[in-house]
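Here chain A shows up in two complexes: once beside chain B, once beside chain C.
And now, the complex of A and B:
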């Protein structure tokens, strides 16, 4: 296996059973949240993951963090198969893999001081035992993310959402991880603060030579931070490519639609290129169409799309891959 | 309004606690000194509340009775809340079979008539303060377990609890640092109401003769003996009865007040206020 490989996600699927409660629980169906999702992340790169709400972005993060068991497939982190690890080994792996959450209000315990929130991973992984060193380390971390160390005895509700997100970042980098999952870290923030947080994330990335999985639903943000971008639709990756390749030359109709939805600041430039508008909505998750999942909304749907499900063709790491019959010559 | 009631309850309870704390110093007579020439007398200057059936000073006995009554009520509640909270935390956090087992256990306990089980247990353990506490704890922990489990089921899905899991925190750490703080408010409310119930229960057990044994006086004991002389010396049973009622009411007031502050959704006063405001407009 490639030594440069940080994370390998191999055909993971996740189903949530749907029950109807009569006298006994009766399984009436399954929600296919992830369907055979595969991607690789090499050391030092940032993979952006975009898609509309409910398409499974967060579930991908949660399964990688082993917070949610997989239905099928496997995840390798630095060559180690995560589902095979014991509890103890998993705790060691978690030292190298951290996550930043979307909601800066919910992800911090309101009853703990900032000192203990940021220091909690240090305690869990027993990085320091002396109280003075612990306080120094937390103070360093706070400075690193642009917070005043004097604020360490305050509670989360005394901070703004941007500052809270800085606290989450400090907590995530406290154990000096190699791999950081950012689950929509800026979606809940104001635009001006988004920029600050993104700059902070990039700064930290350089400082600790981190690898990111950056999840967002805003293509502009993802394009700015990522080196490669994967587009998800209803639990599947429909297109994955280098960011410039993907943005200049999108192949999948869904990616085109996403790109065309980015607002253009200059009114003269607006509506210049073809405007791939989407029909319909992302409807009932239980009612999965046969064939391509996107065909009910696709402007280019052909008869083949109704019958056969397109798969992401296999290729090298940097190849432009898409799961669409329009681009598959097989 | 509710707030005022809370203050009233608090003052009454603090008063009782103060009396219990300095009881031996403030009793006017020796509560165990008998005077068989003056039995079942009405109030006099020497005995403000009169005397009991063997001529002991009733006021002194009632004052001394504050101690075991409050002690049993508070201790039994404390013990049952500790056991209940632990069981609830485990059930809610672990889920699955353990959860089912603990919850069916609480169901079983809740099916049993409280007083009868307590009486049976005290009869087996032998009458006395210790066995009353144990018996009440045995039957009482289930309500705490249920409330805590419900709160934990909600709290364990909170993002920061998941964040702790992602960090690699152990189960114990999550339970005590992240889940326990979430359940303290409902537990305190339940406990303050449970104390009043337990004081009633203790009095009932004492009234039936299985509580603290003579010559120790508890309000329930006094009530039981006084009850036989209701027509001759009414104060003998009225005073301990009134004290039981007063303390139970006071703990209930405190419980209501605490619930209003901790969980405003449940309070009626808030609703009423809103109604009045809209009417004015």
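And now, the complex of A and C:
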């Protein structure tokens, strides 16, 4: 296996059972949240993951962190197969991968002081045992993310959402991880604060030579921070490519539609082309079409798309891959 | 001029102090135009919109100023007169359709309400009108959807219902307060396109409140930028994006990542955080975060003044057409 490989996600699937609650709990179906998702992340790169809400972005993050068991497939982190690890070994591995959540309100314990929120990982991983050193380390971390260390005895509710996201970042980098999952880290923030946090994430990436999986629904933000981008639709990766390739030369109709739907902050672009390419919504997760999942909304759908599900064609790491019959030679 | 707001102040009283949610703003809305209102959360966008409908919840109240709608001052109307305007002439679309719709009434029940209250139509007559409305906002299978409850619909569908409800009585002004913030981009584009087409059809004016500079660039004719309860810049959309005058506007435009730009370069965010509205510093509210600040900015707050004939800005550095 390639020594440069940080994370290898190999054909993971995740099903959530659906029950009908009568007197007896009865399983009536399964929700295919992830369907054979594969990607690699090499050391030092940032892979962006975009898609609409409900497409399975967060589930990908949670399965990588082993917060959610997989239905099928394997995840390798630095060559280690995560599902084979014992609890003790898993704790060791988790020290090297951390996650930042979307909601800066829900992800911080309201009853803990900032000092302990940021310092807790230091205790858990036994990085320090002396009180003084502990306080110094937390103060250093707070400085690093642009917080005043004097605020360490305050509670989360005393901070704004941008500052709270800085606390989450400080906590994530406290154990000096190699790999950081950012699950929509900026989507709850205001524009001016969003730019601050993006810059901060880029700074600490350089400082600690981190590798990111950056999840967001805003393609412009993902394009800014990532080196490669994967586009997800209803539990599948439909396109994955180098960021400039993906944005300048999108192949999958869904990627094209996403790109055209983004409002560009320039009034001169207003009359350029048709903005709303997509019609309809992907509302019913249980009722999955048998062929291509994008078939009901696709403007280029053919009869083949209805019959046969396209798969992401195979290729090596830097190739532009897409799961669409329009772009597959067979 | 359809709507003219003059020196409107809306304050919330908290204990002994005031939160100046809307502080001395004046603007106009012409017939058929789309006015974009941009600002960060807590800058008073929503308070301004609610003031126009006199929907400010206690302990907030309109302290001073006038809101002239077709010559009538909304702030001075009796409740009865107000009710005849609210929902009929001026309608509002809220950000979160889940809380704005009544969860225990079906969509149909809620849609017939404006017709029954304002037009005194019977339910029987109103129902086909409602189905027609739902078709207009492209809700598939409108007839059976009338019996659905809000929780049975997706976020996009719910917002379509909200739009249908706002458009029911052909209002002259539609206030859309962050109508698509909770939705996915693809649905956002479709809904805004729909809103634009329908308002154009009915020749209604649209006040589009958002924090997304892209949406404003695409849909608004004129834009006003709000900061800490005040309007800091007001201009035609093209002018504002080509020559932003206020340092805050410039900062906002530099903060957004763009797809078309070569972005190995870093974003330039605005330093610091928005000020606390309960104890605003003396002088310009943007002083602490401004890169061009001078001594006089701290001494006295600048007011909105004309820079060119249709471009107004509240900044000491942009006085007298310099």
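Going forward, the second predicted complex is superposed on the first by the 325 of 330 C-alpha atoms of A that agree within 3 Å, B and C clash if a C-alpha of one lies under 4 Å from a C-alpha of the other, contacts with A are read in each partner's own complex, and residues count from 1 in each chain.
Keep this in mind: contacts are C-beta pairs under 8 Å (C-beta built on N, C-alpha and C of every residue); 3 or more make two chains touch, one makes a residue touch a chain.
Model, not experiment: these values are computed from the prediction.
Let's test your reading of the overlay: on chain A, do chain B and chain C clash or fit side by side?
Superposition check on chain A shows chain B and chain C fit without a clash.
Once chain A of both complexes is superposed, is A:52 in touch with chain B (first), chain C (second), both, or neither?
Once the two structures are laid over each other on A, A:52 reaches chain C alone.
Just checking: does A:95 make contact with chain B only, chain C only, both, or neither of them? Give me first, second, both or neither.
So A:95 only meets chain B here.
Determine how wide the angle is at the CA centre of chain A between the CA centres of chain C and chain B, giving a multiple of 10 degrees.
The angle comes out at 80 degrees.
Of the partners chain B and chain C, which touch A:253 in the superposed model: first, second, both, neither?
In the superposition, A:253 touches no partner, neither chain B nor chain C.
Touch check for A:263: first (chain B), second (chain C), both, or neither?
Once the two structures are laid over each other on A, A:263 reaches chain C alone.
Taking the superposition on A as described, I'd like to know which of chain B and chain C A:177 touches: first, second, both or neither.
Touch status of A:177: no partner.
On chain A, which partner's contacts cover more residues, chain B's or chain C's?
Comparing chain B with chain C, the partner touching more chain A residues is C.
Looking at the overlay, what does A:185 touch: chain B (first), chain C (second), both, or neither?
Neither partner.
Should A:106 be classified as contacting the first partner (chain B), the second (chain C), both, or neither?
first
Measuring by CA atoms in the overlay, how small does the chain B-chain C distance get, in Å?
12
Using the touch definition from the top, list the residues of chain B that touch chain A in their complex.
Chain B residues touching chain A: 158-160, 162-170, 173, 177-178, 181.
List the residues on chain A that touch chain B in their complex, please.
65, 67, 90-91, 94-95, 98-99, 101, 103, 106-109, 111-112, 120-121, 124-125, 168, 171, 175
What part of chain C is in contact with chain A in the complex they form?
Result: residues 40-41, 154, 156-157, 184-190, 192-193, 211-218, 237-238, 241, 251-260, 263, 266-271, 273-274 of chain C touch chain A.
Can you list the chain A residues touching chain C in their complex?
Listed in rising order, the residues are 52-53, 160, 162-163, 190-196, 198-199, 202, 217-221, 223-224, 247, 257-270, 275-279, 281, 283.
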